[in-house]
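Next up: some structures, all given as structure tokens.
Same chain, two partners: subunit A is paired with subunit B first, then with subunit C.
Our next item is the complex of A and B:
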């Protein structure tokens, strides 16, 4: 028959490492069969109950320290409970004469003013408060804690964005800043590949694969798992992309996340494109619109993302020209007038993910359906071979009349900057389409020289129309010719890449180029890890405000100013 | 909430730091202390009735009554007290501070310190030195004899000497002493020698009898606490200047009467004390004594910590680190900890070992409650029985509860 005794200490917060040491110490005492030392949260109580260490009569709050001892007899149990203080004190005594450990973030900042990062791993209900304080002190935040409300997350990230600060997380497991791993990170080679990761283990996998392939990491920035949800709008991911875009050491950027919402994905891809850097996108489980879109390359798995990033980093010289090019039509609309249904569809698939607002008469998503097929809106792709246009009319591969009229209509729209056409040659098609289209293109280029006309020409030199002759006529009229949708999209994507949005305060690159100095609030192991990596760090001996007394804590919150 | 606490605290702290305490005079209590009366006995800490007083405080009051001559014996004194023929009040209600029991009566000579920046005055009795002394509750004939000598000979000489000068700048003296290994509470060795240096030429001018002069200088020089009382009065002048600032959460008084610990807060009432039973200091004991002999915390000397020296300036007093754990690093850590709960760093009191950083100044009620860190107070430890004297020295912290109570009262007053 065993005896179970316990001790509840109200408002006594210890970090879990201390508690584990105490628990181990109690287990080492004679007569003790089992022991549990936990903060009495519901989860911890469930855990104790599962081990038959939670007598029914115990009442304790989540902020209370709960010590439970099961022993072979009453006196052993009582004695063990009595030893708890001694065991706790024993650990403390080893810290005497060590460097002073501040209890407040502001105290830590005084001790290490050059710290530009704050790692936060306190219990979730307190984490937002600590993060807020860190932002007030103008520090970037690595927020490991979970159970932070999405409202808090949004508020923190908005504040951070206004101040030019980064909030990685909540629930951000992994980051590597200037060669120093934060949280759970692998020791990987430094190099030219930057990572933006919404998933901690995803980031770990990609960075280790890249290391194994012989390449290295410039910075790996975590965003937290909810950043790419539409409520949050990928605030951190956008900032991270912007930082890595401006960081000269970063040649290639890998973007890793679970599939975001369409709207968020579109904005993020637009931003990614705008960086002008080579980007490898792995939205795990997301079917990419194509293998690549301009500077964007889509991977289907983490290892493929690592492989693509590594080879792109090696060949990145090829892509340098696009990096800072700002086209004069970047803020105009594209209009695509297609005769071939599949060509229209393939183009739509790529562009709908890249351009906004986007519409088509044959859309991928219903929300992008053109209200009136005769009237373009925003960026538009029209399949003129769609049955709507076919009533009492020949197919546009034979009859250019409809397309010519629509060409003029689009060119009259001052918001239009690019017109995309396809010309499909071969048996049965119009005998010389270029002869009718080229004069109209000429006329448009005369009137509005800034408009780009891009033509995808599908055919062979042995076709009746002769591919070379067709291309020659169109080129002479001022059109740009591509043999495939891919190649045309690549060109379009680069023309429409926009300069990064300037409304955000840019994050100073100093925090990424200076030796990492950080303040750790929460798990002591994160501090130990920083120090062992050679980073300067201060650990805050954090306790819940006012010892966990909610009434006092809320008073204090109102008395902050 | 219409108040701006940070702004109010800035005002309070600036007043505290800019206060310029000058030791102006030595005078008789009844002539200078506001509302002093012949049957009024001031004591350390917050007000307390006779029945709840601890041994040392009762002893000191009996001693003071014998000194005043209003009672001829302990029994008579006790019976007068019980009949209500004498009154008690907190030194703090009269601009006064006193170490340990802090008992100050009408005929006693007191130091007069004036804050020439803001015009407020403060007072403290003369320090008796070591051994059996009134402030620890002793009232034997030799104790009383020494008190009379101090009042008649020493006090008169100091009064005449100070009258020869424009006063001694105590802020400058404290600043210098902090650079010489004092923290201004438990160690006043350097400060007392500085005081002796400043006062002896003046004493030489006014005392005609060489033997008396020698006796006075010997007494001041032998007592490494000579300057404690003027220093405490200086701290009182500084903290009083910071009191009564609407909306300020700065603690302006910490004091103990041997039974209860009390604090006052700048933005709260003049006589609004927040109290809890005083704790027994933890420390090192003179041989023959132990923790068992210790009286609960007593004395107004925590005014030094309230003003930003004493335990708060521990880093600068490596000679007495045994009180805080044993190593100079522990002393530095003690000071670093106090930065966590203070609002500012002193402009005038700096510590060479911390690269001349200012001492942690102005305890902010909010920070104490938020972080659960209570102020560190260096203190002498009194024997729990009257008249035995000092049995050790060590460290004490006030109970957290009084700061929580004060915070709640503050929130109520300002509708937060």
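Our next item is the complex of A and C:
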């Protein structure tokens, strides 16, 4: 028969390392069978219950500390509970040179004026306040703490963006800046691959695999898991991309995240395209628009992202396209008139990720459905073989009439800059489609020479239509020919490529090229880790305002104003 | 000033080739500026309107034929309308040897008893009836017609499945059986790659690219675009996979479709896995669970699918796993206890596509959300670093207590057959995680030796924890170690691999190995194409029941019963 005893301490602040050490201390006492030392949140109470460590009669608030001991007899339990204070004190005395430590951020800055980064790992409810202070002191922030509200995150990131500072996090587990790991980070070779990671272990896995493949990391910038949500709008990811794009030592950039919202993804991919650098994208679980789009390469897993980045870096492929190139039709619309449903769908899948506003009669998302299949809007892909058009009419692979009429209709629209067609050869199809389509393409190019006409021709050298004759006729009419959707989209994506523009205050590259110097607020182990890596660092002997008494703290804050 | 005249013909049936030819005939007459010959559906009326060919005063039903002529003067317009009958008759007489043609399916079967396929391309409203008749005559069906109801599709496919017959379609554009293209099909080399295509041009593109890469096609089986919807449940795709799996000439199978519903995808991938053959999957726009899972390889585009299939076929990789292998834990549950959120997410992404029922506290789909994060259900992945667990507690990369308790909890569950962990090394993490985890793994393996413990270890050779020492300790405790999620999932997928089971009546391989002989009902051009490819074929001089008069037809049908 075991005996369970407990002790509740109201509203006091305890470092989570202290709590872990207290629990271990209790478990080490004679007669103790199990012990739990937790803040009394519902989740933690449920966890205690799952371990048979929650007596029915405990009443405690989420801010209270709960110490529970299960022992083999009453006296052991009582004795253990009684030793809690002694164990807490023992931990205290083990920390040396505490007297020299600053007790505030501003004190730490006086001690280490060259500090360019502040690492924050205090409990969530205090973290935003510390981060705000760090930004006021013009420091970049690595915000490890979780349980920070999204409103605080947005406010902090907007302030940071205005000042040309980075806020990595909240809930940012990992970063590597100028060779020094912040938070959880693996020791990896330095090299030409930069990482922008909205996920901590994602960044750890990718940097680890890159190291194993013999390549190295320039910088790995964390954003926190919520950065790519619509509300935050990937503020940090955009800043990180920009700074890595300007960093000459970064040759390839890996972008790792859970799938962002469509709008955020589109903006981020557009920015990534505009950097002109080689970018490997792993939006884990995102349907890539294709395997690659210009300078963007899409990976299906963390290990593949590492592999792709390593080979791109090794091959030293130079992406020749100037990032300031803008084609004359970049601000016009694309219209795709397809006979093949799947070709239309594959094209739609790629383009809807890059072009906006985008519509189709066979859309990927309902919000992109063309209101009237007979009238294009914005960028449009129409599947002319859709059932809607097919009552009493031959398929557009056999009868070109519908497509020819629509071709003329699109060319009359002054907003149109590119028309995309497919021509599918083979058994059953029109015996000579180019003979009917080429004259219309010719007519369009005569009337509006600026319009690009791109044709995807699917067929074999043994098809009855004579593939090369078909291609020749279309090319002579002024069309650009591709054999597959992938190849055509790659071309189209470059034409509609937008020159980069950013109103953000750029981040000075100094924070990335100067030796890393940092102030640590929170988990002492992060400070130890910085020092062991040879970085200059100061640890703040932080306590929450008013010792964690929130009523008193808010009173003090009000008095300050 | 142009003049528009029109003529409405009520409720009669016209072949769409006839309509196209009539329109072209009218356009060729002197004084005619434009002409439209369409069934008077709303879509077609809108199309006429878009071409300024729809006078306000026309009243017609969707089943009516609408002939509209725009001419430069009144007399030309009147004359053209008057010539419609003559033009229709002219088309008639151009077809030779009509007298020898059967006028019914059963008549055609008498003429070509060895026919194993029936091609149907009559208008949608008649198509299901013809298909039903073909199945009654024990013929496989290639159903090109669109605008067939989904109820008819389901009924036809269920009948076919019971009889060991295939219904490709409705709206099936493409198939290649034993070297002969049906419908729209490119002329491609024969070879070892089979295709199951839910999309016509998808199949055309893939087979074309395979041909261009020097490889060839065994058979390409179409399913129709709706086959992979939940309502139909991929009946045809499952049959097609099964028949290609049994066909010894097919070495690699390509599966092409728009993304199916999750449930259909899971069943189809499970069947595909169970075939033991190398399978390339291109569910266009689907987020692949990873680049490959055992014998399944995921492509991101049609051209990539062709490339992958070609290299797999060339490399002659022999997939050694017997398709009847079943591991002792195949009917147990997997439990993943992760410290890394992204590793948990990547794992969840892969496994939720393969295992059911599946749950997680950080799910991809809300329906897979774990009700209580403290208690696993079915197959479960838990991210122990989620905010929920983190109030006043150190991250599980630093403090192993939470995970150790959960490890014991899972091992006590008799339904559990595999436990998956991650161990992330590096700065900031626990200095020796294996020293705490290995003893628990040991304890579990002692108690329940049948449980597999798989550990993903992420770290570098320069990390402070000593990577190889960590791996050694874990391995000595009985764990199986992998460096990445991909590699671990590949192993796990094989263990949970289900032996194939099917209650379908298998399709006789004879229909695929005997020379193709077919009956064609509908578009005559498909018959011409069969003959030009050297296939035996009979064209049915088909007319709708009661000449297209539906009231009379339903009366006749009722009298038959």
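Here is the rule we use: the second predicted complex is superposed on the first by the 355 of 561 C-alpha atoms of A that agree within 3 Å, B and C clash if a C-alpha of one lies under 4 Å from a C-alpha of the other, contacts with A are read in each partner's own complex, and residues count from 1 in each chain.
By definition in this document, a residue touches a chain if its C-beta (ideal position, glycine included) is under 8 Å from a C-beta of that chain, and two chains touch if they have at least 3 such contacts.
In this text, all values refer to a predicted model and were calculated from it rather than measured experimentally.
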Which superposed partner A:558 touches (first subunit B, second subunit C, both, neither): first
Touched partner set for A:50, first subunit B, second subunit C, both or neither: second
First (subunit B), second (subunit C), both or neither touched by A:345: second
Contacts of A:401 with subunit B and subunit C, given as first, second, both or neither: second
First (subunit B), second (subunit C), both or neither touched by A:164: neither
Comparison of subunit B and subunit C by subunit A residues contacted: C
Subunit B versus subunit C as contact partner of A:525, first or second or both or neither: second
Which of subunit B and subunit C A:129 touches, first, second, both or neither: neither
Contacts of A:31 with subunit B and subunit C, given as first, second, both or neither: neither
Touching partner for A:290 - first (subunit B), second (subunit C), both, neither: second
Contact residues common to both interfaces of subunit A (with subunit B and with subunit C): none
Subunit B partner contacts - residues on subunit A that touch it in the complex: 96-100, 102-104, 107, 110-111, 543, 545-547, 549, 552-553, 555-556, 558-561
In the complex with subunit A, residue positions of subunit C that touch it: 14, 16-17, 19-20, 23, 38-39, 41, 43-44, 46-47, 50-51, 62, 65, 123-124, 146-147, 171, 173, 181, 183-188, 199-205, 208-209, 211-212, 225, 256, 258-259, 284-288, 290-291, 298, 300-304, 339-343, 345-346, 349, 364, 372-375, 385, 387-395, 397-399, 401-402, 405, 409, 422, 424-429, 458-464, 483-487, 523, 525-526, 529, 532-533
Subunit A partner contacts - residues on subunit B that touch it in the complex: 1, 4-6, 249, 325-327, 329-330, 332-333, 336-337, 339-340, 366-367, 369-373, 400, 404, 407-408, 410-411, 416
